[in-house]
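Chain naming follows the written order as A, B, C and D, and within any one chain the residues start at number 1.
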Amino acid sequence: MLNFNSDYICGAVPEIMEALQHTNLEATPGYGLDHYCEEARRLILDACGLQDGVVQFVIGGTEANSVVVDGLLGKCQGVLAAVTSHVNVHEAGTIEAFGHKVLTLPSPGGKISAGDIDRYVTDFYRDETWEHMVEPGMVYITFPTELGTLYSRSELEEIAAVCRCHKLPLYIDGARLGYGLASPQCDVTLPEIAQLADIFYIGGTKQGALFGEAIVSRRPGIIPRLFSLIKQHGALLAKGRLLGVQFKTLFTDGLYLRYARHAVRMALKLKELMQAKGYELYIDSCTNQQFFILPNRIIETLRKCAQFELWGVPGRESTPVRLTTSWSTTDADIEALAALLSWSNRRKNGHTISC
Amino acid sequence: MLNFNSDYICGAVPEIMEALQHTNLEATPGYGLDHYCEEARRLILDACGLQDGVVQFVIGGTEANSVVVDGLLGKCQGVLAAVTSHVNVHEAGTIEAFGHKVLTLPSPGGKISAGDIDRYVTDFYRDETWEHMVEPGMVYITFPTELGTLYSRSELEEIAAVCRCHKLPLYIDGARLGYGLASPQCDVTLPEIAQLADIFYIGGTKQGALFGEAIVSRRPGIIPRLFSLIKQHGALLAKGRLLGVQFKTLFTDGLYLRYARHAVRMALKLKELMQAKGYELYIDSCTNQQFFILPNRIIETLRKCAQFELWGVPGRESTPVRLTTSWSTTDADIEALAALLSWSNRRKNGHTISC
Amino acid sequence: MLNFNSDYICGAVPEIMEALQHTNLEATPGYGLDHYCEEARRLILDACGLQDGVVQFVIGGTEANSVVVDGLLGKCQGVLAAVTSHVNVHEAGTIEAFGHKVLTLPSPGGKISAGDIDRYVTDFYRDETWEHMVEPGMVYITFPTELGTLYSRSELEEIAAVCRCHKLPLYIDGARLGYGLASPQCDVTLPEIAQLADIFYIGGTKQGALFGEAIVSRRPGIIPRLFSLIKQHGALLAKGRLLGVQFKTLFTDGLYLRYARHAVRMALKLKELMQAKGYELYIDSCTNQQFFILPNRIIETLRKCAQFELWGVPGRESTPVRLTTSWSTTDADIEALAALLSWSNRRKNGHTISC
Amino acid sequence: MLNFNSDYICGAVPEIMEALQHTNLEATPGYGLDHYCEEARRLILDACGLQDGVVQFVIGGTEANSVVVDGLLGKCQGVLAAVTSHVNVHEAGTIEAFGHKVLTLPSPGGKISAGDIDRYVTDFYRDETWEHMVEPGMVYITFPTELGTLYSRSELEEIAAVCRCHKLPLYIDGARLGYGLASPQCDVTLPEIAQLADIFYIGGTKQGALFGEAIVSRRPGIIPRLFSLIKQHGALLAKGRLLGVQFKTLFTDGLYLRYARHAVRMALKLKELMQAKGYELYIDSCTNQQFFILPNRIIETLRKCAQFELWGVPGRESTPVRLTTSWSTTDADIEALAALLSWSNRRKNGHTISC
């Protein structure tokens, strides 16, 4: 069975497995107070071009969002985010469980615009009843977006400028940050991200770690009682050094980006092949998630031999699907999929597939 | 200064003031356990055609919504509601503060449709990732809507049927229920509302009481620990009998509807006059709230002599406004406003207004 | 039936009823933005000896506590309070519903001590696991306490000093503040309270208003987005001017304290009579709540003619009870109770009571 | 440096590391929907003697508690728990963050009693103001307790009986369940635990896994929308099969108990040695956590060569400390500690230690 289901279907990159094995018997303090976490923090700050700043590790992406959004917002405040964003759709209401509202903005291609943010905030205070409403208290964007698309540097600069102007902290969800930075279309660097965002996280789970994300901010103290908040939100790992070991590994010798580049290369090869076969793009992504609109008949057949995700609610005749690559995707996987798809096409003419 | 600002700008109808004065020195148990609340409960159940059921009084409409929505929803569930609804916009996030999400539906004219509810719920469970999402757990509608419009009986029946089919309790916010029932366009009765809704509330604050709303349900036990929940949500009045005295008064001799009918008559007279003068309707309302699009210049002048609410964010040249009538609006008020508006018109030609 | 059940069993003092009647037909903006609220604010600041400061009206005492505690605490913080305090026991978990923990201190006689606060906070940070625990973020006391007792001025000064030292805002719940200030044992004034507390509230509901409490702070901005928070917590009154009218009345010509003094005089007369008859004090209160330990047999008989509250769980043979006076208690009420109690005593010798 | 700091200072038992390595490149669905989780569930149900039931894996113990307590409690309900319990003390307020109160019971030796539970609940409903209070909605105990002590079978049976009688679900936190079951003093089995508790969890993090706990209940559906709740509480692992692989390993060939027995043996040896040297027990534990009261001078010296936890706030002259063993503790570790401690003793006579 081929697997394009997601970028968290395998374990970790070999270097991480080795490091975990190698350090397994060491005794270290719990909860991230160990020297591996310390070293990983230093490596991450260096990679971000930051002298000083906060780096805190949490278990997963939903946990990172839950902690950061709750940590940044005051009472009666909400987070401005794309209607398609992870915090609005796919976190089972964790933002609301901690008392906050997601204030949605339209998001063509998964992105929100500086103009829409500015309009929302300006209009908010022009409404005479604004004190009866949830105040926008921060901005959340994903890079890459849930649809695999990227903000350009100038788009990010505009958003950051609007945020500064309205005194709204800008938070970038980088669950797949590496795949963004590794994309040929990306015109922004990690140190630039670290300056543009008030706070962001570098994803590990979807980038070759067993699990774990690194919350980073150039503003120490941006979230008071951050450690306790991480504990309260269920985001703290007892054997915290496992996070340190993994991120130390990923941020040594450029491993993080090296694997990300591989995955993106596989994704673009896949995209090219699919388009060559005449399949329609659902969205034009330049990162490791690729979206196509496939006829339901093709989907049905293909699912016998390959795993991938239906994107949203199935349509009557065709449905958007997501094919995802990762560090573990091989050229052979792509070619096998391509082979299946030619069969799929021929099936229109009455042929049968056997997987 | 004329006042069309809202229906909660004056005190209470004279009968209520008299009853409060009359009972002022009586000593009764607190928190609604007194005989006035008991009598009011009985009168309300009778007016609703219910033999049995729950009636609980709370202080205000936001409190009623906060209690009922939190009381009906389970963990990880949200409330389906119009994007323009009070719970989504004007309650400073009380739904989210208690941990729930508002799942918005489009609402042309302030109303949501049975079809949209059905589609939302059906699509929800067709999405393979639904367990990562907030589950629709109830439906909230307002009658009349925030835009003064009314659901027809058949629309309500369709919504109730869809709710039953999906096992979603239907909650009707009746902050202005009387103005709805009193409208010439209304084809539904209070007993029918009481059957269509699983739970609803009868508004007092905006219908001639000093304050207070009556939560009503034909299903006893629909919300477990309702009394405690009311306390926890800040909706419990210590001198609870004040609510009983007021609702007893309103539901004696048809007072509630009599005052509502007066207000609606005033509103329709106002609407007719405004239209006769050529002002554009923002929405075609048949209840006590009337909405027009006025040129900003007119608004500016008019506001010197009359209070009313801008509806949302001011436009560049013109802005929607809301003019509201209540039990205390008089024919003279309407005529004075009409007179002002002719002056306003003439101002275009350079004349001045003096109020 | 005599009524010593509580201080919120009657309506309002006549002056308030008159003022409400008198202003009933005026049209004013809602939500406390009217001139009555403005005048009441000014009168209250004057009475508190404050040039500047915040005064916000809310509907009831639980609402005041819910708003202030949530407003002052950060994430992962709790409120230090007496184990017997209202916020810990009698608010159906509203503090927890908004995400915070009540950190309890022992409270002999209903009071907590500066020493215990200091010890709690000092020990907290000496515990190596403190970041896994809920941080003390404020101190809550009641004046008078739930047991009718009073802090002396020097006790309050010590508590305020400890709070300042640990940077914990001090909040005083003054649901019965007037009864405290009116007690012969009180050695503190309202302006002193206003300086000692960072924020406090002046109770109306239990002090002769129909309802309503005034949150006061000498520190403007102590709670960000206070208006929205009041809305979100269900504590905002639509016809807000009702609160203004009532507090304006109470703070004109010293009405507030005058009624409070009457109630305390009645309470002390009651206490004297009860003690003269040999009834045991449960607690030695000097305000309008009096506590006795009565034999269950006496309670049973007395309850046929007089209402009062059992204080906590009934004992096997005797039970603490609370007898409360208010502005409406008369000398005749006290004497009637006294007369009943002599009968009660005689019943021990076989006589019967008829009420 | 010797390490008796906790049972989560090392990585995982070798069998788990091997299994993770072995399965690392497999592609499986995320979020626990894989075959490893399925196999682990079956093995756990078997070990619990359950034909049917729920087994859900979460990342850590605080997460398990956060999910189960929130999942079992209704609105306005709290959890009865020991004043010393993890949910009351060491979870940074996660119970309160999700809206619930911890209702504390006294806990000599870390345990609560059936009698105290019964009295609390009975008294609760005898209090005439109970509807203003947080209702007890479940019972939480730890096995072993935070102090290493164990409930006997008859104590558990009494607690379970009281819970059944009052319709309160009983939840057992088994963060160190194995160390309890492996103790020579334990007279209860895993299948008995599974019957006595309505729901419980089997700890992995502190029992030789990298991380992970298994929530188990013989009552399917006891928590509605459990999967979503786990997601919302930050307790869901993307690469969920890591939990399956680990628990499959632990529950194959009795590995779980085998390692637990080793750790307990080490702990009891340590206890014996310490007592032989005349050190005072702080509590008499029979599991892998041992508690002593050590003079501060000894602590200071010992900490240069060995890690362990101060238990609570340091005393003036001596302080309780906790020494914890785990699967990775060796006889050599115990002997080295013993050797250090004779030095420590001699230091009283002026000798010096060099570690």
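Criterion: contacts are C-beta pairs under 8 Å (C-beta built on N, C-alpha and C of every residue); 3 or more make two chains touch, one makes a residue touch a chain.
Everything quoted here is computed from the prediction, not taken from an experiment.
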If you take the chains that touch chain A and keep only those that also touch chain D, what is left? B, C
Note: of the two pairs A-C and C-D, more contacts are counted for C-D
Select the chain at the greatest separation from chain C, using centres from the mean of Cα atoms. A
Just curious, how far off is chain C from chain B if you go by their C-alpha centres, in Å? 34
Would you mind pulling out the distance in Å between where the CA atoms of chain A average out and where those of chain C do? 51
Distance between chain centroids, defined by C-alpha means - chain C, chain D (Å): 42
Would you mind listing the residues of chain D that make contact with two or more other chains? 75-76, 91-93, 97-99, 131-133, 228-229, 231-232
Provide the residue numbers of chain C that touch chain A in the complex, in ascending order. 70-71, 74-77, 98-99, 131-133, 135, 224-225, 227-229, 231-232
Contact footprint of chain D on chain A as seen in their complex: 1, 3, 5-6, 8-12, 14, 17, 20-21, 23-30, 59-63, 66, 91-94, 97-98, 205-206, 210-211, 228-229, 231-239, 242, 307, 328
For the complex, which residues does chain C have touching chain D? 76, 78, 89-93, 95-97, 99-102, 123, 126-129, 131-134, 309-310, 312-314
